[in-house]
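Next up, some structures in structure tokens.
What follows is a pair of complexes built around chain A, which joins chain B in one and chain C in the other.
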Partner chain A sequence: MGEVYLPILVLGILGAAFAVFSVAAPSIIGPRRYNRARLDAYECGIDPTPQPIGGGRFPIKYYLTAMLFIVFDIEIVFLYPFAVAFDQLRLFGLIEMAVFIVTVLAVYAYVWRRGGLEWD
Partner chain B sequence: MNPTTPQYGDLALFGHDPLWLVILKALVLFIGLVLLTLFTTWFERRVVARMQQRVGPNRAGPFGLLVPLADGIKLALKEGITPANADKVVYLLAPMIAAAAAMLVFAVIPLGPVVSIFGVSTPLQLTDFSVSTLYILAIASIGIYGIVLAGWSSGSTYSLLGGLRSSAQMVSYEIAMGLSFVAVFLYAGSMSTSQIVAGQTDWWYAVLLLPSFVIYLISMVGETNRAPFDLPEAEGELVAGFHTEYSGLRWAMFFLAEYVNMINVSAVAITLFLGGWRAPAPISTVWSGANDGWWPILWFLGKILVMLFVFVWLRGTLPRLRYDQFMRFGWKVLIPISIVWILLVSAWRGIRNEYGTDLRTTLIWLGVILFAIAAIAFLLDLRRAPEDEVVEPTYDPYAGGYPVPPLPGQEFTYTRRAPQTVPATVVETSALESTGQELEGDRNE
Partner chain C sequence: MSSLLAAASFDVPTIEYGQLSPMLIIFGVAVLSLLVEAFAPRGSRRPIQLVLVFAGLAAAFAAVVMIRGTQHIAAMGSVAVDGPALFMQGAILVLAFIAALVMAERQVDPLGDAFAPRASALPGSTDEIAFTRLGWLQTEVWPLFLFSVGGMLLFPASADLLTMFVALEVVSLPLYIMAGLARRRRLLSQEAALKYFVLGAFSSAFFLYGTALFYGYAGSVDLSAISDALTANAGSMWLVITATGLVSVGLLFKIGAVPFHQWTPDVYQGSPTPVTGFMAACTKIAAFGALLRIMYVALGGIRWDWRPMMYVIAALTMIVGTLFALTQTDMKRMLAYSSIAQAGFMLVGVIATNQAGLSGTMVYLVAYGIATIGAFAIVTLVRDSTGEASHLSQWAGLGRKAPIVASAFALFLLAFAGIPLTSGFTGKFAVFTAGIAGGATPVVIIGLVASAVAAFFYVRVIVLMFFNEPTSDDGVSVVVPSGFTTLAITISVALTLVIGLVPQLILDLANQAGLFIR
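What follows is the complex of A and B.
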């Protein structure tokens, strides 16, 4: 059974070797000339804004988007097996799934009304 | 191996290759992908040039085909800068993740039927298993890490903003993408790519499930960060987004990942919606041998080229969206449409499974639904009809004493400065006629 995953491993090793080589290569074949200004963060020529790595705080919108993504991703995870086994589940599966989707849609409508999907 | 050789579309075909064949296939696939990427960069520059009334690169080699190679050599000889402010380990890890993950998707893309390579009978596909489409989505998600970590670790404001944008964008459009697959699984009854291709022998799913296909097309452009959805690297706002701080071959890894991802999503679109490696309809009807042997690779490459042309076409035509418009489109348009479409498709298929599949019942049901829609529309229209009637405003210059209250016993008489739409209720017909003639006479003078 594990044999079907072996080719992925082989391809993954090829891709990873290529990527590691390409990332390591510049420090071997590329020129190395020290220049303090070049090692600064690029900000169109002015002195870069001092900031911690990771930029400190960023808008909460991204967090909300991530949480909503999880809600819908889990819905998708449930939808896939349902779709594959649809012909065996017959009408029972259809009604069950319709109830589930409508429930998620209610949550979706709530988020929409509360402005969770607004970006500004 | 088995006394009965499994047909195409059977998962028992896979996992029997000897190791040398696996390595050979993986190597050919890898080199093919890199070459196709180089070709795509050239193709994009040439086609965009044509769209902008330019010639494009045409000096190095025939038709400028060696330009990507020259670019690669130039990039390899550049200094690899690691900014002083960067998180060194993550900074170097990010391009590796992006490039390696992009390469992995093609492992489960079917390129053709069973052929014989050096006497070993094997399908033209690296591997396949019952959840290979799920595998594609998983690998695509790992690719996001490359971009997000690159933006995070560079220690630059532009990079960080680009990485954040990219994470929110790809995550949002992945939902629409995932939902568009559901209808395909519903019809194919499987998540394995080779079985989905086998299910499209008669009809492509792009025809049967057109809304799914359109949603996938839109979300795949958002997923690859390509114009008009290239907000993570919007050069007008963010310089170059997440790869602002990268140079040389490390930058080239992101470039490679973007182009390989373009090819990947095109290949997935072809596999799930456009009949996979099967020849398009006019060829396969005329020539019965079109789907045998090595020919399918030709059809597959042809379809890939068409999809890549669509990418370039979009880039050459559409301006970039604003970020809030872009997110609104993903969350408020694509997702509800896909969910409603899934409900419709599953209801349709469920009813068809339960109550017969013959054409007459289908058409009767379709007719009943259409009749119901027409009846509802008609009734709604009847109710609305009186409101739509244009009510003639009767002109009464003395109404409510405005603009001038009438003197006692004063009647309205028509003057030339009064509007010509004075109805008969106000002015006597004969008077109107005479003034009309008067007016005409005036004009004739």
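What follows is the complex of A and C.
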């Protein structure tokens, strides 16, 4: 029973180790040249402090870009298994992937035509 | 690594495209409709969208008629194409057609249709005024509508809980946006959208957690596999009961049953009225279809365990819906509480857990849906200079100002009340007899008492319209609509009368639909 969950435990340990390593290694071996920008918290390019009154508002553009990223990210996630097994899936796989890609493309066309890809 | 190699040889999955054609048509048309938004010039979008929507709904209905009689679990066990599913799909398509007619109306509001000229413009801003003056329309409402209808077709046909969850989201996400698109009283509309979204997302999480627990119990999210696991008494009963409760919360929220009804009056009031009609009628059919399928197919074997819970919820829903409807002063809120009470009556059919309960609930859903869309269509017509005049006092003496419209509204109210010779009586009779046959007599008695109390507030509106003097110069008038709303109300009146006068037609149809397949 226990050994079924062993890979999950190993994965957890590896994940934790990677996180600790990524934080610890630069602080030990990296050069220490501090300036104001380096000491700032990193928040996707937004000025983190001082916060505007009322907490401030994020431009809706961030949301749009993040969502587009997720859409294409997920598309790739589905394309990988298809690429591995497309010959065994035969016509079924071709039809289903065509439907999937056409759907994503339609959304892409909508976003493009309605100015979703322009930053300003 | 071994699991990867084992996966190297597998059976190629199959999908029965013909049996899924109603959904495929609607989703296909929805994608086309999205492309129209992207490429068609602004002025020609509305006519193209209307052609697409009505042709798509008609084609999907034709597809449902073509595949009638199918009894098959399609798409590798995830979509059940059976009699009840096809009955509900047909009903959703007909009601969506009527709702689309009301949504297409552009004549009752001098500023345009029921939707904001540009949903992204701040309410009351100069942008909004400029867009209104240009006569812009937010035609994106049509692809949203179609995606939602597609989800509704899948919802009652889902044969596993995960497909059902995806369908639930496809139904809901477009509705959240549509609820916030009202042209008038935009802040109220946006508040409604936000409430609906937050509470809807919360209830989806309940559904998903219940699904996870069912998977933990049965090792599958398949409804028939859960039923088999229950027969084999596979594990902890507490797990099943918790899972049943959680999944029920998700579905009862969509149905608007007490105590998960809090969103209903606010959302029904704030949403653009044509959307409210669509949402109240079609979402309820889809969600009841899903609830019936889970309770009958997966949990039919343990009905003695979930029935007490449903007894309490059905009784509470009928009582709370009726009592709160009595105290409302706003027409849309009153109709919202009335829809809560109606959901309670329909739950009696769910509790019955027999074939009569299934077919009775389906008949009730159709009768209620038609009257609901018709009633909300009429709410869009009673207006003053600021938009819809939805306060009850503004409806006083409407029978003198516009006798035909007021009579139609009175007919829908009588149908809600379940007066004989209207569709509501057919539905109530079918559900209550099924409830007694299914051994749920105490709930039926509560239902009968609640119906009698409910009849009071429906009749009160009729009295208000026909026997009260109109308040002088309050500026309320009944607007003459274009052919769209006229046709919608005419169809609703005709169907309400037909189902009431010749109930055998729809009762036979619902009985022929038979039971869910496993």
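Odds and ends about this structure:
By definition in this document, the second predicted complex is superposed on the first by the 61 of 120 C-alpha atoms of A that agree within 3 Å, B and C clash if a C-alpha of one lies under 4 Å from a C-alpha of the other, contacts with A are read in each partner's own complex, and residues count from 1 in each chain.
Just so it is clear, contacts are C-beta pairs under 8 Å (C-beta built on N, C-alpha and C of every residue); 3 or more make two chains touch, one makes a residue touch a chain.
Keep in mind it's a predicted model, so treat the numbers as computed, not measured.
Legend: residue contacts after superposition of the two complexes on their common chain; A:Y110 is shown touching chain C, with no touch to chain B. By the document's definition of touching, neither partner reaches A:A37: not chain B, not chain C. Looking at the superposition, the partner that touches the larger set of chain A residues, chain B or chain C, turns out to be B. Once chain A of one complex is fitted onto chain A of the other, the partner contacts of A:F72 are limited to chain B, with no touch recorded for chain C.
Once chain A of one complex is fitted onto chain A of the other, the partner contacts of A:R90 extend to both chain B and chain C.
In the superposition on chain A, the residues of chain A contacted by chain B and by chain C overlap at 90, 93, 112.
Remark: chain B residues 14-17, 19, 22-23, 25-27, 29-30, 34, 76-87, 92, 95-97, 99-104, 106-107, 126-129, 134-135, 152-160, 164, 167-168, 171-172, 174-175, 178-179, 181-183, 185-186, 189-191, 239, 244-245, 247-250, 252-253, 323-324, 327-328, 331-332, 335-336, 339, 342-343, 346-347, 349-350, 353-354 touch chain A in the complex.
Only residues 1, 3-8, 10-12, 14-16, 18-20, 22-23, 25-27, 29-33, 36, 38-44, 48-49, 51, 53-55, 58, 61-62, 65-66, 68-69, 72-73, 76, 79-80, 83-84, 86-87, 90-91, 93-94, 97-98, 101, 104-105, 108, 112, 117-120 of chain A touch chain B when the two sit together in their complex.
Across the complex, chain A is touched by residues 9-10, 12-15, 31, 34-35, 37-39 of chain C. Residue ranges of chain A in contact with chain C, taken from their complex: 88-90, 92-93, 96, 102-103, 106-107, 109-110, 112-114.
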